[in-house]
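Labels run A, B and C following the written order; every chain starts at residue 1.
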Amino acid sequence: MRKRYVSFSLAGGRYCIPVELVLQILRLEDLIAIPKPPPYVEGVINLRGDIIPVVSLRARLEIAGEEAAGRGTPDQRKRRVVITRVGGKPYGLDVDEVREIVEIEEGGITTDATTMFGVRADFIIGIAQREEGVYMVLDLPRILGTSRDLPGALAGQ
Amino acid sequence: MGATILIVDDLSFMRMIQKEILTEKGYTIAGEAADGLEAVEKFKSLRPDLVLLDITMPNMNGLEAMRKIFTIDPRARVIMCSALGQQNLIVEAIKAGVKDFIVKPFKPERILSAIAKALKA
Amino acid sequence: MSGIDETRLRRAFLDESEELSQKLGESLMALEADQANAGLVNEVFRLTHSLKSESALMGFTTLSELAHRMEDVLGLARDGSLTIGKPVMDSLFAGADLIAEMMAAIAKGGSDADSTTTDVLQGLSAAGGNGRGRTQASALPQSPPTQGAGQAAPQASGPPGSPSAPGAPAPIMLMDFEKLQLVEARDRGEALLRLTVSVDEGEAMKFPRAYLVFSNLEAVSNVVKVDPPMHGETAEDSLYGRTTVLLTSGSEAEVMKAASGVDQIAEVKIERCRFEAFLSGATADAITFPGREPGAAGTPAAGTPETATTSPGQDEQARRMGPVEKTSIRVDTRKLDDLWSLIAELVLHKSHIARLSEDIGHGKDVYTVREELVESFDSLDKISSGMQQAMMDTRMIPISVIFSKFPRLVRDLSRKLGKPVDLALSGEDTEIDRSIVEALSDPLTHIIRNSLDHGIEFPEERVRRGKSEKGRVSVSARRQGGNIVIELEDDGRGMDAESIRRKAVGMGMSGAESFSEAQLLDLVFLPGFSTKEIVTDLSGRGVGMDVVATRIRSDLKGDVVLRTEQNRGTRVTLFLPLTLTIVNAMLVRGEAQLYALPLTDVDSTAKLAGSEIRGEEGRESAQWMEEEIPVFSLGALFGSGRRRADEYFAAVLRHGDRKAYLVVDELIEEREVVIKPVDDLLNSQKMFSGVSVLENGKLVFILDTSFIRREQF
């Protein structure tokens, strides 16, 4: 069973999420700051009246390395917010660049050896090996704290 | 002063304004009517001290109503309210016995002084 | 205006006039279908007449003038001098539309003068045959001549057109029989008096005013001559501003009384004259007066000299007022009955509880009482929900208030575009909250325009595609769960998802290549996405589907979905929640962020001096009345800490039995806010009960006051 995923770059690495979760892709504009946000929430955007939190995946995934620190910044013109709908609610993901749609065979995602790449392991479902490179498949519900098995996911760390 | 006044106009908005102006001054509103027929009926039953009568109304216009009112009581005090340009009608009304006329749009002072004068006479 | 509340007046005006304007539209539709119907012509005449009067009263002269012209045209139709046909109907419709436009502007606090009426007025004049309206015709009294006043023969008085020099008596020439009258009067021992009656400047109709005086005078004296004349060929109205009356009378006092008893007369001058002065001299000669005789009683009559202008002053006022909120509504009495029964139950429970408390006082067992109390409480809970619901219901009105405009809209559009279209409406009695009616009207209208403009094909194309020649648009409303669902459907050409994709890709929207159809269609709601390049004047007035989406999603907290099938048609479905959560709050600012404090939780506002705040950071307190209550600050809670100052603005919050100061940077205003739920991600400290977006796009967080009970932060 081949499923389609939207892929994007973060600090040089490739990540992807299932295409059905993606509502829209926008340039990051008019970010509104909010009081005392959690460390990985950059702010909100007002999209046609919906207040959508924008999450920095770099911060959330705790991507290590200089690129992650924001210095050696990626091309700002390619930076995008991927608007997703998870658990019935919209969330924006701040990514360096949106790449392409990839088709991945279900069996093609390995679930071990996820401790590499200096990324927080519990947010990754698995890794897909493809010609172009390696894609890390993200567990978005868990990242956003909307998955059922982690009620207090955000309250902790 | 307590004089009783019958307000006749087919627009409820107009009646409302007139009512406000008059009651504020201390007059009593004997009643209201929205057309000539009603005006005559109410005049008969209420016998107000004065009638404020609009000239253009459905179901018997002000002029006819006024004439009928004078048949009931030749000494009735009637003040005609008219829109601009109804010279003819007003003159007819004056001939029939109207005490005064007021041109719409009117100022409260105007209507009050007209009523005051009419009541004195 | 003395003592009359301007706002209330304006509201009453709007209430009445908007209804008239609506009825006007409906009556015109009916008239169009039955153009010879005299009853309908009369009805429309009356409506325009009423609109004219009301708006004139309020100072809306542009509106009044427009209504007046329409009234003129209808007047001509009423007398039969004008037959109603298409040009007449069109001009009337144009007028009615403009009136509706002006009413809308006025309701928002604007002015009728913002609309340009020249074209419409021209159209009306042309339709009316450019003939003079009835009301423009100068009044020609047809009354029979009274004693002495001239009739057929031209008056030999001074040239009627010549204005008398101010102060100088107008030369009066008498005809033979008039002179005869003077002689007879002299023989009777009467005095000859000349009155100069000046009508108030502010009196709009001088002739009738002068006539009134004349009429009064006639009753108590012999009027010989009036200049300008009261009968026969009367002069232009303004000339009657100063009327000269020559009369004979046995009692000057009576004459004075008769003349001054008329209102709106600025001045009445009486001069005794010598008969000889008038009797001598031929009729053809002008006689000049020797001047005033001693003893002339120049008595200024009563009647307040009015300073001119009813209009300009009122115009100014009318324009300067801000948007008026109509706060009176009409409610179905059955709904009030429901509310009433609930109140009755409430009263019952109230007495029950009162009795229970007495019972305790009399020593009744507390536990038994407690049980009854709990029961009562449960009932009260139900009653209070019931009352809330009942109150909401009074706010509900059938959606037909919006739908009723559509037949006309579709008729006009289909005509303009040359596309015959049938409109089917259903579910008009579905009830919606009063407050969303306005916000809903524009988006629905726009969607319909879109359908006709871009969706429905021209008849030839339709036939070619095997469709019926007439297009079909259907609008329906129904309740579904907690929402109102409105569907607008057309059987036109549908939208090509692929062309949307192409456009999206062309715009550089990454990922567009693989968007599903649903996603592509959702793009239509983004600005810049009209798939028809040419924007017609009908739907293209800067309003696009993106605005529709904003209105529905943002203002109304609903959703809009678009489905289409190529060549079959398009359906737009709107989901609207039944009620909006609106809260009265006090808007405050902390650094750059706005917050809303629900008014129910705000006891008062205060100024705190820096010196009054005691304790260490995080545990500060200050005195309020007799208590010492905690001091919080927006700066410390959400910002960079409480800034140091000598004095602070604060709100006194209360939650249950607790109170606390909340120091803010600015106390802005009390207002209503529409609450949206706030995402957990944004509410990590659980300080907010919701979030709101103001009209200016600014974000406001609604504070959950229960935080003041927390022990620590």
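Just so we're on the same page, a contact is a pair of C-beta atoms (placed from the backbone, for glycine too) under 8 Å apart; a residue touches a chain by one contact, two chains touch by 3 or more.
None of these values were measured; they are calculated from a predicted model.
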Chain contact graph, described as a line, ring, star, complete graph or other shape: line
Leader among chain pairs (count of C-beta contacts): B-C
Mean-CA-position distance for chain C and chain A (Å): 52
Mean-CA-position distance for chain B and chain A (Å): 78
Distance from chain C to chain B - Cα centre to Cα centre, in angstrom: 28
Interface hub residues of chain B, defined as touching at least two other chains: none
Chain B partner contacts - residues on chain C that touch it in the complex: 1-4, 9, 12-13, 15-17, 46, 49-50, 52-54, 56-59, 135-136, 138-141, 143, 202-205, 207-209, 211-212, 215, 237, 261-264, 302-304, 306, 310-311, 314
Sites on chain C touched by chain A in the complex: 509-511, 513-514, 516, 519, 522-523, 525, 546, 549-550, 553-555, 557, 590, 592-593, 637-639, 676, 678-682, 684-685, 691, 693, 697, 699, 701
Chain A to chain C touching residues, read off their complex: 4, 6, 19-20, 22-25, 32-38, 41, 44, 46, 48-51, 53, 55, 80, 89, 91, 98, 101, 144-145, 154-155
Residue ranges of chain B in contact with chain C within the complex: 10-14, 16-17, 20-21, 24, 56, 58, 82-88, 90-92, 94-95, 100-101, 103-110, 113-114, 117-118, 120-121
